[in-house]
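Below, subunit A partners subunit B and then partners subunit C, in two separate complexes.
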Partner chain A sequence: MKEKTSFMKRPGAQTFIASVICALLGIVLGFFILLAMNPAHAFEGMYDILKNFFKYSNSSTTMMYYFGSTLVKSVPLILCAEAILFAYKAGLFNIGAAGQYTVGLMASLYTAIALGWNWFFCVLAAIAAGALWGFFAGFLKSKFNVNEVIAGIMLNWIALYLTNIVLGGEKVMNQSKSETYNLLSVNKGALLPEFLKEVFGNNQYMTIAIPITIIVALLIQFVLNKTTFGYELKATGHNKDAAKYAGMNAQRNIILTLVISGAIAGMAASMYYLTGIEHYKIASSVPGMGFNGIAVAFLGGLNPIGAILAGFFVEYITLGGQYLNTTYFNPQVADLMVAIIIYLCGFVLFLKHVMNKVGKTKVVSAATNANAEEKEAK
Partner chain B sequence: MEDYVIEMLHITKEFPGIIANDDITLQLKRGEIHALLGENGAGKSTLMSVLFGLYTPEKGVIKKDGKEVKINNPNDATALGIGMVHQHFMLVDIFSVLDNIILGAEPNKFGFLTKADARKKVLDLSEKYNLKVDPDAMVEDITVGMQQRVEILKMLYRDNDILIFDEPTAVLTPQEIEELMHIMKELAKEGKSILFITHKLNEIMEVADRCSILRKGKYIGTVDVANTTKEELSSMMVGRDVKFAVDKVEAKPKEEVLKVENVCVKSKLHKNDSVHNVSFNVRAGEIVCIAGIDGNGQTEFIGGLTGLDDISSGKITLCGEDITKKSIRYKNTHGMSHVPEDRHKHGLVLDYTVEENMILQRYFEPEFSKHGILKKDAMREYSDRLSEAFDVRSGKGSKSIARSMSGGNQQKAIIAREMDRDHKLLIAVQPTRGLDVGAIEYIHKEIVKERDNGAAILLVSLELDEVMNLSDRILVMYEGEIVGEVDPKKTTLQELGLYMSGAKRDDRKEA
Partner chain C sequence: MLLLVQYTLIFSAVLILVALGGMFSERSGIINLGLEGIMVFGAMAGAMVMVLLPTDASKVTVIVLSLIAAAVAGMISSLLIAVACINFKADQTLIGTAVNMLATAAATVIIKGFNTARSNGSDFSAKLDYARGHDAFMFSIGKLSLSWFIVVAIVLLICATVFFYKTKAALRLRACGEHPQAADSVGINVYAMRYMGVLMSGFLGGLGGIIYIAAANSTWHFDYGVAGAGFLALAVMIFGQWKPERIAGAAVLFAVFRSLSNVYMGIDFLHALPISGTVYNMFPYIVSLIVLALTSKNSRAPKAEGIPYDKGAR
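Up next is the complex of A and B:
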């Protein structure tokens, strides 16, 4: 019994439980929506979404193929979440990740299609572009104290239109189909190297993006917890004044944090578009990846490893929507449901707070006092 | 039979692994001021939380007017007429004084606020108890003393007649403290019963009728203040005799360590300088104290000296080197240690552990990191050693989150860190603020030890006892200027007071 309490008190465990509850809550709420739309088939609909690619469990090749696709599509989402949580640890809310992702997309596709670069350099270009975009926000913040959220939103739109202009030309975009050329036909060298393709039912989109994502997450975990740089960033995030008192260079750290965050977001785009799974079409709104990354970062409890699980879950549900029977449900319903689940992801911190308050009947909420007493009693 | 308004009988409150309140009995008479005395972590806060309904005790009963009552949450407490002024005020900064007072008990008719009635009641109360406030001022614009009066009015507005003051003087200037003492007496005279949590003995002697003492969760006793002495109270509180005077030998000042010349610092509030032309020096082996009433430029001056704020003109020399324009990091690593005034704002990263806080200015040094990677073992070892040496006590040792520690232990951790760092100059700003006698005694001893080890010490303090006891030279700051330099052995409190209030000033030669 005693052990269980101490487990519940661990912040990591609390976050994990809160995240799971949020995810379940989202699913339940989604079910109610299906119920409202078509009561007779709601249960079946929910079942289809959750069953997802396990629908093909009789053919393991097909099932693994779709499992692979889910992984491929989780990659940019997870990386965007990593970018956001990294900045968040330093006390910065990088809503500009969406724009950094967009310029990353632009750089990787332009270098791949128009310039015919090799994948490695295309990825570097995307990282550089995202970093530059992050730098703008960081520079404005540290030099002119422009709130990074405001600068980020502005830069998101600039990124979008710039991308439309750069990728909209004849060199990159197939004017008759109004989407970017297929990498497979124009520059095979720009496609990311394959990874365990055979295991995943010969899914050609399975690339090194997947191990890279895991490496990036581990790297962030390492930087945040083991290095002096992470120590500085978190100190600044927790208490700016104390960081200043300690002689840390806040201005430099703000810029550096957003540059790194931007680089990760930029890389996220290249890790997706350079698989060839999707082509860019002229868009009138900023790609949602960067915004969904915020929800994923919170659902993952702002933990780099948690973000991997959260990103996969969100993508699983998103793609699950495709399995919904369209004769019973409007295809938009799937999107609506996913939106609600993502929305609820943002409630992890809130739920954790509630758990603290209610779960332990006043004891934890005043734990500070208790701890103070504890010491003296020794 | 005594007329007790509140009785807490045999209260026992346990937390996992520790008994915070062990069979404590506290009886509050009607119309008395009853002090609750104890060191940090003695169980005062827990006991008051029980009375206020934040905790449910395992054993014991609470009686109001002789009848047993159950207090399960703060609303029950309010319904019984129990009100509390917290140490950290619970006010909404961007609301007016009046709005703050009625918040939570808004008078209304059909859901519309009827502020006129409320205003009248507040004004009447403020007149009756001589609690001067401006009902229309924004809370963020008024002084700390007035904010406290707002808190008191909040209780009175709710017709509370049992008033709990949780360390109310910690944040006040000497004048405001005097005023508060006066108000408390006035309230008691009107029949209000007051519980006064504190560890300042002078205040107890001045204002309280009786005093109950707790130590390490146990009830030690209740005494009539009229029949006791400060010495008796303090030995009951800490369990041994405490010396009020600091033991120290004559200072043997050596070479000049810090030289400050004509330093001016711009004010953040108005156009003028908040520090003008401050010049002085501090030599190795002496304690120089800047005394003064709060808000006379001490904070700004220290900000300028340490680099937290910019100075607008002047020159600062440390050990012969001009450090006027150097970064904080440079100063930190070239002989300046700084115990900051606000330990939560500057001194600690509260969400970091003790060990992480111990290396706040040194994490990049080879001792604690290699190629940018922290050496966790070295951090732990170092933190354990400092905690041991400076008696920093916390629940989980070096792994404790700083936020979970008591104020005294937080301060000791900062002192430990700053004293252990290589330094020639130690700047200590109100190093004993809000601490209990035991901790104060300890910190004073450490500071004197530092001096005797040859460090130059610049102390900034608002506590006159501390100023008189600890310093070898006193500089008095008034409206941003050094108006006098006195020798603590030759001066009196009265003379110091004249300087501090601007009634007297030396014509000092430029240093």
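Up next is the complex of A and C:
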């Protein structure tokens, strides 16, 4: 009994349970939406979303192929989430990750297609572009006191239009198809090296992006928990003034945090577009990847490892929308489900509070027991 | 040039209303990043009413009913924010972002379902065509064709300014955004005041949404949401220092730059410049960043905004 309460009291366990509750509630609400749209086929629709690529379970190669695709598509989402949670630990809400992702996309595709660079340098270019975009937000925040959320949003739109100009030219964009050229035919060297392709049913999009994502997550975990810099960041996030009085350079930390966060978001784009799985089309709204990253970061309990699980889960549901029978439903229902799950994430604090309340009575009794034991020992 | 004036007036109307909405919410202590989403809900409801009304409905009916629908939808969607942030003390930035995502996804699903049902399964698009509704709002003074929306916005601006400076309720609302504990100690119900602030932002944001899509266009693709207008309004609000009369001025300034991207083709000397149209799209955002950089140093946001009110805290 005592061990159980201590498990429930552990913040990590509580966050995990709260996130799972959010995800489950989101799925249930999603089911109600399906029910409202088409009562007769709602159950079937939900089953299709959740069954996902297991639909192909009779052929393991096909199933592994689609499993691989889900992994490839969750990579940018997870990395964006890492970028956001890193900044969030320092008390900065990096909504500008969407724009940093967009300039990363621009830099990696421009260097790959127009300049014909090798993949390694394309990734570096994307990282540099994202970092620069993060720097703008950090600079405005620390020197001019501009709220990073507003600055980030403005920079997102500037990034989008800039990307449309740069990638819209004849060098990069196939004007007849109005999308960027296929990397495989234009510059093979820019494609990321393959990784475990055979295991995943010869999915040619399986690249080193996947292990890199995991390494980045572990690295962030390490920096946040084991280094002085990480400690300073968290201290600044908890109480800006206290950190300042303790002699930490708040201005420098703000800029540095957003630069790193931007670099990760920029890299996220290169890790996705340099697999060649998708081509860029002129867009009229900022790519949603950065915004969905916010969702994933919170669903993962603001933990770098949790973000990996959450990112995979969100992508699983989003892609699940494509398995829906389109005569009854439209695939955006899955997006709606994801949005509901994120909204519910706001209630995590409340859920934890409830868990603590439930746990409290037990803890008190456990504590009195412990006291009694101590007295006996004396 | 006339076109520029027209567009400026329309965008000013949108930005004024939505920024005022944001102002009331933030003055009560709740950061409302979900304005974009509220606009989408308002726009969707208003446009649906315009489509659904019978062809022989009088102009007044169309105007009144679509405005009411937009405002009510805005208020209902703002409850999503109010309940989570006031009662459950959720992170306000997260909830705002979630509402934005929710709104675009929900609007796409609802409008697609709506179109499919109305066309018996031949139309799957997320596009609404409400040319009739759009026309109902138009009237012209000389050569300048105007929309009743602008009149609505001006009337509401005056009402909001008077309310903000001259009433007891607004004073209490502002107190809750500065120091809720102090407000509570003199018997003001902080939760009720914050609900009022958020609901007002829903009302104004919903109206802003329908104006944004219906004043200059007669069709709208709902998978795009409202393309960042809600966020632009937030910048207007900060530039306007959380004060109604300054917000009005800021909105007009932003609207001029926003309109340039729509009408630069018609202005000879701008059209002659070797700049692509996309650059004009960037203009309002670049200008707002510069303006924010210059004004934010002394900007004083409501002191308690973003902090959930906890009765027990000291």
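General observations
Just so we're on the same page, the second predicted complex is superposed on the first by the 332 of 378 C-alpha atoms of A that agree within 3 Å, B and C clash if a C-alpha of one lies under 4 Å from a C-alpha of the other, contacts with A are read in each partner's own complex, and residues count from 1 in each chain.
Just so we're on the same page, contacts are C-beta pairs under 8 Å (C-beta built on N, C-alpha and C of every residue); 3 or more make two chains touch, one makes a residue touch a chain.
Here the structure is a predicted model, which means the values were calculated and not measured.
In the superposition on chain A, A:T228 makes contact with subunit B only, while subunit C stays out of contact range. In the superposition on chain A, contact of A:I27 is made with neither subunit B nor subunit C. When both complexes are overlaid on chain A, the residue A:N145 reaches subunit C alone and has no touch with subunit B. By the document's definition of touching, of the two partners only subunit C reaches A:V333; subunit B does not. In the superposed pair of complexes, A:A250 makes contact with neither subunit B nor subunit C.
Comparing subunit C and subunit B on the residues of subunit A they touch gives the larger count to C.
When the two structures are aligned on the shared chain, A:M355 is found in touch with neither subunit B nor subunit C. After overlaying the two complexes on the shared chain, residue contacts for A:I165 are found with subunit C alone; subunit B is out of touch. Chain contact summary for the complex, subunit B toward subunit A: residues 15-20, 39-43, 45-46, 49, 54-56, 216-217, 306, 308, 327-333, 338, 340, 345-352, 356, 360-361, 363-364, 369, 372-374, 376, 393-395, 400, 403-406, 409.
Of all residues in subunit C, only 33, 80, 84-85, 88-91, 93-95, 97-102, 105-106, 108-109, 112-113, 124, 223-225, 227-228, 231, 234-235, 238, 276, 278-279, 281-282, 285-286, 288-289, 292-294, 296-297, 299, 301 touch subunit A in the complex they form.
By the touch rule above, subunit A contacts subunit B in their complex via residues 2, 5, 226-229, 231-232, 234-235, 238-239, 241-249, 362-363, 366-378.
Of all residues in subunit A, those touching subunit C in their complex are 33, 37, 93, 95, 140, 144-147, 149-151, 153-158, 161-162, 164-165, 168, 284-286, 288, 291-292, 294-295, 298, 330, 332-333, 335-336, 338-340, 342-343, 345-347, 349-350.
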